[in-house]
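The structure under discussion is supplied below as structure tokens; questions concerning it will follow.
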Amino acid sequence: MSATLVLGLMTFLFLFFGYLGVPVAFSLTAGVMIGAAFTDVTFAAIVQKMFDGVDSEALLAIPFFLLVGELMSSANVVQRVINLSLTLVGHLKGGLSQVVAVFSMFFSEMSGSTTADAAVMSRTLGVSMRKEGYDPPFIAAIIAAASTIAALVPPSITAVVYGAVGNVSIAGLFMAGFLPGFMIGFGLMIYCYFFGPEGIRRPRATFGQFTDATKAAALPLMIPVILLGGILTGWFTPTEAGVVAVCWIMLVVIPMLNPRHIRNLPRDFCYAGLIYSLPLITIAAATAFGWMLAYLRGAIVISDWITSLAGNDPHLIMLLLVLLFTIVGDFIEPVPTIIIFMPLVNALTDAGSINPVHMGVVLILTLAFGLITPPYGLVLLMASKFVGVPFSKALKAALPIYLVFLTTIVFAIYVPSAILWLPKQVMPQAVGCFKNPSGSGYICPS
Amino acid sequence: MSETSGAGDPHGERSLVLQRQRRLKWRALDWLEAVLMMLCGFTLAGFCAAVVCDIVTRTIGAPWLWLQEVTSTFFIYGIFIGAAVATRRNDHLFLAAVGEFFTGRPRLLIESAIRLVVIAVGLFLAWYGYINFLRGFSSFRMPSMTPIASLYAAIPISGALIALFAFEQLVNGWRNGFESALADDAANDARETPS
Amino acid sequence: QAKHYKIAYDQPVGTGYGIAATIFADKLKELSKGTMLIDQYPGAQLGQEPQVLQLVKAGDIEFCLSASANAATLTPQAGVMSLHFLMRDENHLKKALASPEVSQAFRTMVDETVQGAHVLGLLTLGFRNIYAKKEVRNLADIKGMKVRVQATPTEDTMFPAYGAQIVHMPFGSVYTSLQTGVVDAAENGVNVYLVNKHYEVAPIMSMTQHEANNNLLWISDKLWSSLTAEQKGWVQAAADEVSKVEPGKALDLETQSAAKLKGMGVKIVTDVDKSGFQKVAQPYLEKMANDLGPHAAKIQQLISATQ
């Protein structure tokens, strides 16, 4: 059987089993397994590649980033951050929808997982929004859209995987993710102000109420300071920053704010131990799938096709990749997409002389958008399930919000100087500059 | 990326033995789910402790070089144990569940097909994972020179458990009906959904 | 009719690995009159070196290039090639790798200790040097520095002997760790340093040349045993061509890379006082080769005796 046919069969089987209801990791494995039967590859080699996929140092950050969000929500510490968000924007037109956007901008800096954000918001703000009479499909849509910020603003599991697999500075991706993340956050606020439901507006919080809420949320708000401060000053790698944040929550935040929760910690660990394995087993299976794609030279075919259309024009290359990732991301999850297509992305990043951090942020943004688009918009699916509305209705409510994402994506492609501004200020090495060995300042590629 | 529970915890997701889809499970295997969940917690805690020690010993200038091998051992076993127990709890990531739109015989066929695919993948991981494990005796982890088979072993163990749990669901689904098992949960959901 | 075979390596095409793979592919095509064709899989497309070595042993990939340090995951005695100051200078390095006796001794060692794969020949990426944010001009400069080293017993012995503190981590973490100060220094070849952009986080390379970056060309036993005597002859002759031609070209590439780095503003310290390092390393050379095993001892003697 020809290589193209085998790849086609693998892809078909993966999607077929996947949409039938076989877990993603197993439908990927089944596709690879059957595909490999038509090649010289031994089955044991497939198992080895699954192992190799998770035997990677950079992925060690993932359990910590999940654990931070898990412990925060399990110990009920998030309510303090919600209260702070309320005093900030509760009086604006749109009421709680504004709070969703602002809370997500806070919580995204503590949580690395979009679905964790969606779960937390659905179970807290989502419930309050229903009580205040918001349209349930809109609740699901706004919560899902706001949750995607977690993939951009550090810490971000998507960025960790992208950096680990593509050999791109994870800290650089983190810093560059801030601007598009906040563009989406503020874009949602503007959307809610002009086009969203009126909502119940609270009286503007007094300065005293604001300082009280800030004080109450101070301990959890230290988490982004630890995570970002540690990475920025060069004290910690992303993994180490995750460790320190987990220690901070376990040794300071929970004992001081919710000491009764301490006895639940063993159970939290069991559960967090279970959920961190879910993305990683998917990474393992996607690695075997991606390996078959490389072995059968599939990535080269697609990248030749893109370069034949785009030449070396960086904007065109990025647009075509965004298109490809939008299509692929409509069917599969961000993490397997990144792993399977990374060889292709690396080749095209070189061909267009694109800054790898810039490329990474644009693609992560595209994949974040894919989380709320049909047919497979993971976060929108989850939010509609939690809120209890049909996916199709939530989707309809989400459609106008797409404008916020599309604007941000176009901006990110065409204004790399803005995207790379923050990393260049705080960690010039992350975007290709290096310290002048015989003088002061940095030498940057032009 | 992964489903996490927050405040509320409607299905008792954090409990060691999940009560969701009770009719698809044998009580006789509950102890196994509980043990595997505890192992998930143990591997995660061990992993965290090892990373903390790694940072501390490196910072004070007396690094324990073998710690990184301990870290990856916990990390890898945690992943494959978690993947196994998630099969029994139906906690995995799904693209979609077409089956939910069907009832009766088509539903039975789809639900059975899903379990058969998972059993096939589980047996595949168990058998070829075992062959890979044997291969792993001639390759060594640096610097301790432990055969990498010590890590590869996680995969066949996980594969066998995955096949076992999918078989459990298949048999119970045929016996008790897949739909009625899920209908119980829907009723529970309805009771707990805030109005 | 023509048959296609895969060769995997984990550096981009424009490196010593790419040079070696191209020499091998061209020569084999020429000798076999176009019946044996090599398809290249550069840039770790098929996996990192220890992983690819496993797949070559299993017969899933026919050929691969690997560092001798990674070969030590299969046969610890291969660590002999990493011994510090085993290669005295560039000339000695070229001669040692082209020596039929050295090559034969190495092949015998692999045949007797590794199942599933066979070594065809030796190649090199040149010498390894130390890079950091500060200069390392002599032995005193490295005292107390945290250096990322390959996780092998050789490095674990030698760097502490120089007074440095060692840190193990995979190659992929070196960049971030230099950036964050988890390590002060790392060591590798000039071209590897350039291509992986490690100069961005450690802009000073000191040419300590403490060990050679020696590499091996592997073939899977599954393929090797299926070849006719004539085909084996072609494959071996193509590999011999690599051992003869590649070291010179790889060393040229190192020089070009150093020139390019200087042009970019990176500092290359060429006048390192190596005598202090050599003095520390000398007593270890024979002792560590003997500790590794009889094959290692023999290879060390053959290389040291090469003039």
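By letter and in written order, the chains are A, B and C; residue numbering begins at 1 in each of them.
Everything that follows uses one rule, which is that contacts are C-beta pairs under 8 Å (C-beta built on N, C-alpha and C of every residue); 3 or more make two chains touch, one makes a residue touch a chain.
Just so we're on the same page, UniProt names per chain: A = TRAP transporter large permease protein; B = TRAP transporter small permease protein.
Model, not experiment: these values are computed from the prediction.
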How are the chains arranged in terms of who touches whom: line, ring, star, complete or other? complete
Comparison of A-C and A-B (more C-beta pairs in contact): A-B
CA centroids of chain B and chain C: separation to the nearest Å works out as 40
Chain A and chain B, separation of their C-alpha mean positions in angstrom: 23
Return the distance between the CA-based centres of chain A and chain C, expressed in whole Å. 38
Do you know which chain A residues sit against two or more other chains? 44, 48, 240
Sites on chain C at which at least two other chains make contact: 54, 58, 169, 182
Give the residues of chain B that touch two or more other chains, as numbers and ranges in rising order. 135
Of chain B, residues touching chain C in the complex: 58, 61, 63, 65, 68, 135, 138-143, 145, 148
Spell out the residues on chain C that touch chain A in their complex, using ranges where they run on. 6, 41, 43, 45-48, 51, 54-55, 58-60, 133, 169-170, 172-173, 175-177, 179-182, 196-197, 199-201, 203-204, 264-267
Of all residues in chain C, which touch chain B in the complex? 50, 53-54, 57-58, 72-74, 76, 114-116, 146, 150-153, 156, 165-169, 182
So in the complex, which bits of chain A are touching chain B? 15, 17-27, 29-30, 33, 43-44, 46-48, 50-51, 54-55, 59-60, 63-64, 66-67, 69-70, 73-74, 76, 78, 113-116, 119-120, 122-124, 127, 130-131, 157-158, 239-240, 243, 246-247, 264, 266-282, 284, 331-335, 375-376, 378, 382, 388
Residue numbers on chain A that touch chain C, as the complex places them: 40-42, 44-45, 48-49, 52, 56-58, 164, 167, 169-171, 231, 234-238, 240, 291, 294-295, 299, 343, 346, 427, 429-430, 432-438, 443
